[in-house]
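Sharing a structure, written as structure tokens. Questions coming.
Naming follows writing order (A, B, C, D and E), and every chain is counted from residue 1.
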Amino acid sequence: MMNSMNNIMKQVDDVLNVLNKEVISNRQFAIDINKGDVHQALTYLKSIGFTQLSIITCVDLIADNKFQLIYILNNWELGLFVIVRTDIDRDNPSYVTVVNIFPGAKYYEREVHEFFGVTFEGNDSSFKPLLLEIWDDIPPLRKDFDPQVYSDRKFEKRDSDKIYRSKIGGVKL
Amino acid sequence: MTFITVLITLLALSVVTYLVSLINNKLGAYFTIVTSLVTLLLLFLLKNSIGQLASISLFTFKLTTVGWYFSMVMVVVYFTSAFLNPFWMKKMIYPAAYNLFYLVSLIGTIGMFFARDFITLFIFWETVVWTSTFIIQMGKSRKSSYVYYVVSAIGSMVTLFAMMLVYQVSGTLEISVAFNALTGQPVLALIVFFTFLLAGLSKIGIFPFHVWLPMAHGSAPHTFSPVLSGGLVKMGAFIAYISVSAFAAYEAFSSSFTIMGIPAPIYIIMVLGAISIVVGTVMAIRQDDAKKLLAYSSVANGGYILIGILLFDQLAFAGGMLHLVSHAIASATAFITIAIVAHRTGTTKMSKLGGMIHKMPITYTVYLIAIISMAGIPPMGGFVSKWLILQGLADHGLLFIAAAAFFGSIGSFMYVFRPLSAVFLGQLAPKHENVKEASIMMQIPMYLLTIATLLIGVFPKIILKVIAGIQAEAGIQEIVMVGNTIVVANGVLDTFRVFVVFGYGFLIALVIFILRRKSRRVTLMDTYTSAEFVHTPELLHYSSNFYAPFERLTKKPYPVLNLYEKVSIKIKEIGHMAESLFSSPKPAVTIFWIIIVFAIFFLGGVL
Amino acid sequence: MKEVKLFLGPQHPGMHGNYSVQMYVDGDIVKKARPTPGFLHRGFEKLMERRLWMGNLALIPRICVVEPDINEMVYAQGIEMLAKVEIPEKAHWIRMMILEMARLAIHIMGLGGIGGPTGLYTLTYWAIAQRDLILDLFEEITGARVYHMYIVPGGVRKQLPDGILEKLSELLDELEVKIPEYRELGLKHPIIHKRLKDNIMLPEDVVWEVGITGIGMRSATNKEYDLRKVQPYARYDQVEFDVPVANYSDALTRVNIKYKEIFQSIRILRQVIEKMPKEGEVRTKISTGSALRWKVPAGMVYSAIESSRGEYGYFIVSDGKEMPYRIAVRGASYPQGLLGIEKYLVDCRIDDASLWMDTMGVCSPEIDR
Amino acid sequence: MTVMNFVYGFIILLAAFIFQTTITGFNRKVTARIQKRYGPRWYQQFLDIFKALRKSSITHGWIFDFGVIMALGGIMATVIFIPVAGFEAFPNMDNVYIISYLLAIGMLGMAMSAAGSGNPWASIGVSRALTNMLAYDIPLMIVIFTLIFAFDTASVSEIAAMQQGMGILGWNAIRMPLGGIVAFIALFGMLGKKPFDSFIAPAEIASGPMVEYGGKHLGFMFILHELMTFIEVSLILNLFFGGGSSILVYAIKYAILYTLVNIISQVMPRYKIDQAVKFFYRVPLVFAIIQGLVVIFLGWGVSVWF
Amino acid sequence: MVLENQDNRNLWEKIGDYFSANSIWMKWYCTGCGAIELPPTMTSRFDMERLGMGPMATPRQADVMLITGYLSTKTLRRVIYSYEQMQDPKYIVAFGSCTINGGVYYDSYATINQLDKYIPVDLYIAGCMPRPEAVMNAFADLISMIKKGQANGWRHYQENYEWYKKNQLDSLEEVIIHDEFHE
């Protein structure tokens, strides 16, 4: 199995402009790709058997002021995962959609937009909210968002010092 | 008072109406109401002089019970529908002509029902056809009036042929006598039977002549649709009546092959009636336009009437005759209510309406009672007639026809509910927020007809007495009434008691309902939406493709329509060919053809 | 044509779980479908960044309610990959046992679940009562019925209780008798056949387009695309089992595959009982000092296993601190639950909408997270 | 028509309600046992109905109320006409057609009120219910038509009386076996039992016409359902299973018939509505027509056997 | 333990409460993960119908609403809307720690922490998640509470409607949202 993965990695290295590659396990490797080359990379990977897009997600690298977009592809024939990574600017997060390569990306991108505020050109639906409703703060999965503060502001907490006595039914809790 | 006086009075009144309409069309429309009311009164007076003979120039008339019965139905429908005329005058292109034709067609029907000879029958028949053709094309589409005219013309021409055939054999034109000459000539009798009935079948919209009916009824002016469906269609029933009474079809075919005691030719016509019940029902369920739906229901109900009349016995005949009245009234009511909805909202498409009950409760109630009658549910008029027909069918053991009748009667439940649900119930669209209830003038015919429906349902005696008279006139067993109870060989029906017991049940339910805590009124949009929020009423109104699963089952287009289409395409093609032959841009070609044609004529003359 | 907006869910008997599909319906055909997730959104991915590595154990089972064990497994496996921890042999077998028991439980529930949308409630009642017996075993092993928190990084939480294997074996004997009975009642019923056969199709190109995995994928592609076979984890490479496949994916095929997978799970469990080391540790010590203060080495890994609905994965990023830097969850039913509904619930009849959700295996909590 | 008639009518109503509700409660227990559980108390159905009547309610306009009252009124009137073991509140009013068409007024009222709530699920349910009616009623009516032809009477009590005296062999279901089968299958459709319950399918249309009913409206619906069940089972029982010579026999037969239907329906999934129509027009309709032809042309099964 | 011992009900109300207590229909709404223990409670093993309980499809028909666990704000809007569509008398049983104080999701940005600020809760079941036995026990408690006339949450909601509305709007901004957020 390691052999086939090495072969693939070699192929990938030859064809694509890989900035950095990393072997995670004997069935998984990660490659860093320039922002502009991701579409080419995904198309190529799809052509060599990575036919399934497992997930698109994002990591907020707040220290570097960057968002890292993660594309995980699955090769069912060989049983390999590849993690494609690329960095985009955090202040003006915007990227181009991959829906034309993987139609399944539509909702993943929508979710990344909702949670990180990354916009995807070409995927119009990604601008709509998906899981949240009437969200009134910065995108919640950014590192500078503190859910505790938000929760304290929005939702009342039960006063845990007292023994609560229900006003209604009289059930002691 | 003689019949001729009546006829002349009415003619004079209609001319007056026309002249008035030329000056002020709205006033003229009111004149149509007055004239039809006068007709109604005069006809009522004529009841006493039944048996009277009358003639004017070449027209001869005989006042018969059946003629009186038919014309009463007709006049009631004309009279009630006339109340709508004033409101549509603005929309008519030729209002004066409309008023004139409206009344002339009424006179035509009366003359036809009292006709004593074939010529009178035919001429008055044609009067009705022509006038109604002109009226229909004032509505939505011209094409429908062509279709209407073509089908009617084919029917009347073929009937004319039958009349001439009979005349040739018998030497007389008098209806009651002429047919006697046919006894002993089964083949001729067969030809005459089918050809004579054709006009009737085409008029009542029996399969395969039903295509015109929804087109014409659906696109006629809203004021005339009730007349068409409630009234004019019943002219066909009259022809059917003549074919079994004057023509004495049962005796004429007594030697032919019989099915369950019914001679085969009659049985065939009855099967056609049964088919039109099924086709009418299935097609009515599929419609989106409320008027077309009701028109198809007329096709189905025409089947009941035809079957009932053709059975020509104590039970089913009475049922058929009664159904004629109850359906005429119910369908006129339904068309009138739809016309009023169309007047207020501007559409008869069910998918565009909804929630009208909150704006027009009276119209809704009237429509409800009409459809209860139409679906044959007690205690309304339609039930009694359907009951009589079904009992009659059971008496004869006509299984397949009964199956069609059951299908039609349960199917009618489906299609009459559709406008109820889609037009009146459900969500009210915001654009209809300002719709108003029908005005008093429009409400009058609705009240009249509703009372009539209820009366027939609860006291069918009123009509059945007349029908018994007809049966006596025709020489068959009369329907028996004991008190309010209809007593027949295989069952009894006391409609009054049904009504009372229904009222009793309703009362108990009402008492329980009132005893319980009062309900809180909520808006229509405060409804179960799986706990999701929606704010657009139109999106919650389920109206289009209401019976989608059933419609899918009956999706296959049935062959007759295809055939008609193919024929019409072929005719058009031939027309185009002829056109291209004769109207070629090159003069030489035209001259060539003219020479050929002349040559043929010339040769024909020589030979 | 005029369309009507109907909501399948969240408060609708045809919808299992708190999920909503907005259907624009003409007649009884769905013309447009819009999934509405998020009713169960709790912000797990954010919460996990705020908990200790071990503290997250309490959180993760709750991501997928019907099948919690896969979360524990995938989380533990991911951390072990990051920290390069080898766990004891017996722990592998126990994990496998737990996972297969969980698969059994959810498949039996799914088999009975067919009774819900089709109206065969008796099947549902029987099957769910049967599933309860498996939950009893879970309770005996882990102390909880639903949320077990049993598979932990470094192995499993504690040793198996005595005699549990015999009880499991007895239960398997019973299941082997009972499950075919449910098949007689449900899957072989002519009316069920009428409703499921040639209905709710899933063509192969749709599988690739949407990215559906699991039973849907295997039923359409005729390939053994099962992570247990393709990338064996735990000790799946040491047991024999078949992956039921088909090349024609209608609702009935998918339910039948579910039925066959029950027997494969039973087969695996029998081998587990046989081959499991009788003695041995079940947990390695993963850190010096307090486990709560454990710092997982920096790195990122995608850990995925085969759940009952397909590939279930966590993408874990660690920056070498006490808490995870980022964890992204790939719910197995994410593709069919969102894009699948939007594109392929269209033209389905409202009679079948609920069946669609059921046989495609849409599970709301793992989509919402 | 005296006051006594109305009193008798009320007694029949009350007895029918109590009897059928008890039977329903008993059958809920039977259902539970099939599903391997203990089940509710036998009087649970009463509790449910009275609870529903007790609650507060909402209305969506007058038609929402009126439809319910009209439905219950129509159904109550129909119950009054049902002959039970020779006992009739209004003599000579037990015509088959009256009963089956008066039943329709209940359906219409319910449909009207449901559609009047403005809820699309309710409208879909109504459309399915009416389609369902079209499906089961045609075969059933053809068989009933055959009976009327054979016995030359449309009176339910007379048809019931004619089957008595010969034991089980006298039953129309035995004399006309195909007709009996049709009637039995149609009973499932009439009662809305599975597999023909697609019009209230909770998983598809959230209980269809009932979605907006709560409180007393729902209580009315339950009472209506009980009474309707009584009418339908009684009709089939009288027409095909010999009615009853005494109230006791009638009650026992009734309970057996209803329980049998319930038991069978518990192991049935539901048809989609168009599948139900197809089914009824494929098997029972053909049976009904064959039975009709046999009776009309051969006369088998009319007086006695063959 | 019981705060209100005085019983102001008249005979009819007592009879009504007897019916209400013995026939409780729950609304078919799985709001959270506790719903996974409802199938076992409903089906053959624990058989909820013994107590006269059964599932019902719509809020109009139902008597009791089970809040089966955590509530995200998105669900809470539906819960409130759906609760207001229910008919009196209506009861709410809240499952699990999440409804009491937020449970493990105490710091989540999406879930509320204390349910009884927004809707009146008649009965809490502690635990995460409550086992079927606990659920059955709670139902038995609910029945006895109704019989004694102590399950008056709905009345409390009517009387303190402004207070509840204010809390709801504070946390949710809008209960019945107007934007068609998916189109």
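Everything that follows uses one rule, which is that a residue touches a chain if its C-beta (ideal position, glycine included) is under 8 Å from a C-beta of that chain, and two chains touch if they have at least 3 such contacts.
Keep in mind it's a predicted model, so treat the numbers as computed, not measured.
Colleague: Taking touch as defined above, what minimum step count separates subunit A and subunit B?
Modeller: Shortest path length, in steps: 2.
Colleague: With subunit E gone and nothing shifted, sort the other chains into their touching clusters.
Modeller: Without subunit E, the chains stay as one piece.
Colleague: Tell me, please, which chain's centre (mean of its C-alpha atoms) is farthest from the centre of subunit E?
Modeller: Taking each chain's C-alpha mean as its centre, the farthest from subunit E is B.
Colleague: Which chain's mean C-alpha position is nearest the mean C-alpha position of the whole protein set?
Modeller: Chain nearest the overall C-alpha centroid, as shown: D.
Colleague: Tell me, please, which chain's centre (mean of its C-alpha atoms) is farthest from the centre of subunit A?
Modeller: B
Colleague: Distance-wise, how many Å sit between the C-alpha centres of subunit A and subunit D, to the nearest whole number?
Modeller: Using C-alpha averages as centres, the distance is 59 Å.
Colleague: In whole angstrom, what separates the CA-based centres of subunit D and subunit E?
Modeller: Taking the average C-alpha coordinate of subunit D and of subunit E, the gap between them is 37 Å.
Colleague: I'd like to verify one number: the distance from the centre of subunit C to the centre of subunit E, where each centre is the average of its C-alpha atoms, in whole angstrom.
Modeller: About 29 Å separates the centre of subunit C from that of subunit E.
Colleague: With centres defined as the mean C-alpha position, give me the subunit B-subunit C separation in Å.
Modeller: 64
Colleague: Considering subunit E alone, which of its residues make contact with at least two other chains?
Modeller: If we look for residues of subunit E contacting two or more partner chains, we find 28-29, 43-45, 57-60, 74, 77-78, 82, 107-111, 177, 182.
Colleague: Listing for subunit C: what residues touch at least two other chains?
Modeller: 4-6, 10-13, 22, 28, 36, 38, 41, 43, 46-47, 50, 125-126, 129, 368
Colleague: Tell me, which residues of subunit A touch at least two other chains?
Modeller: As it turns out, subunit A has residues touching two or more other chains at 131-133, 140, 145, 147-148.
Colleague: If you go through all the chains, which pairs of them touch?
Modeller: So, checking each combination of chains, I get A-C, A-E, B-C, B-D, B-E, C-D, C-E, D-E as the touching pairs.
Colleague: In the complex, go through subunit A and note every residue touching subunit C.
Modeller: 24-25, 27-28, 30, 51-55, 57, 59-60, 70, 72, 74, 76, 79, 81, 83, 102-104, 106-108, 115, 130-133, 140-141, 145, 147-148
Colleague: For the complex, which residues does subunit E have touching subunit B?
Modeller: Residues 29, 58-60, 77-79, 81-82, 85, 176-178, 180 of subunit E touch subunit B in their complex.
Colleague: Which residues of subunit C touch subunit A once you look at their complex with the stated criterion?
Modeller: Going by the criterion above, the answer is residues 37-38, 41, 43, 45-47, 50, 81, 208-211, 213, 223, 225, 227, 230-231, 299-302, 304, 311, 313, 315, 317, 325-326, 328, 330, 334-335, 338-339, 368-369.
Colleague: Where on subunit E does subunit A make contact in their complex?
Modeller: 1-4, 73-74, 77, 100-102, 106-114, 116-117, 120-124, 126, 141, 145, 150-153, 156, 167, 170-174, 177, 181-182
Colleague: Quick one: in the complex, what on subunit B touches subunit E?
Modeller: 526, 528, 531-533, 535
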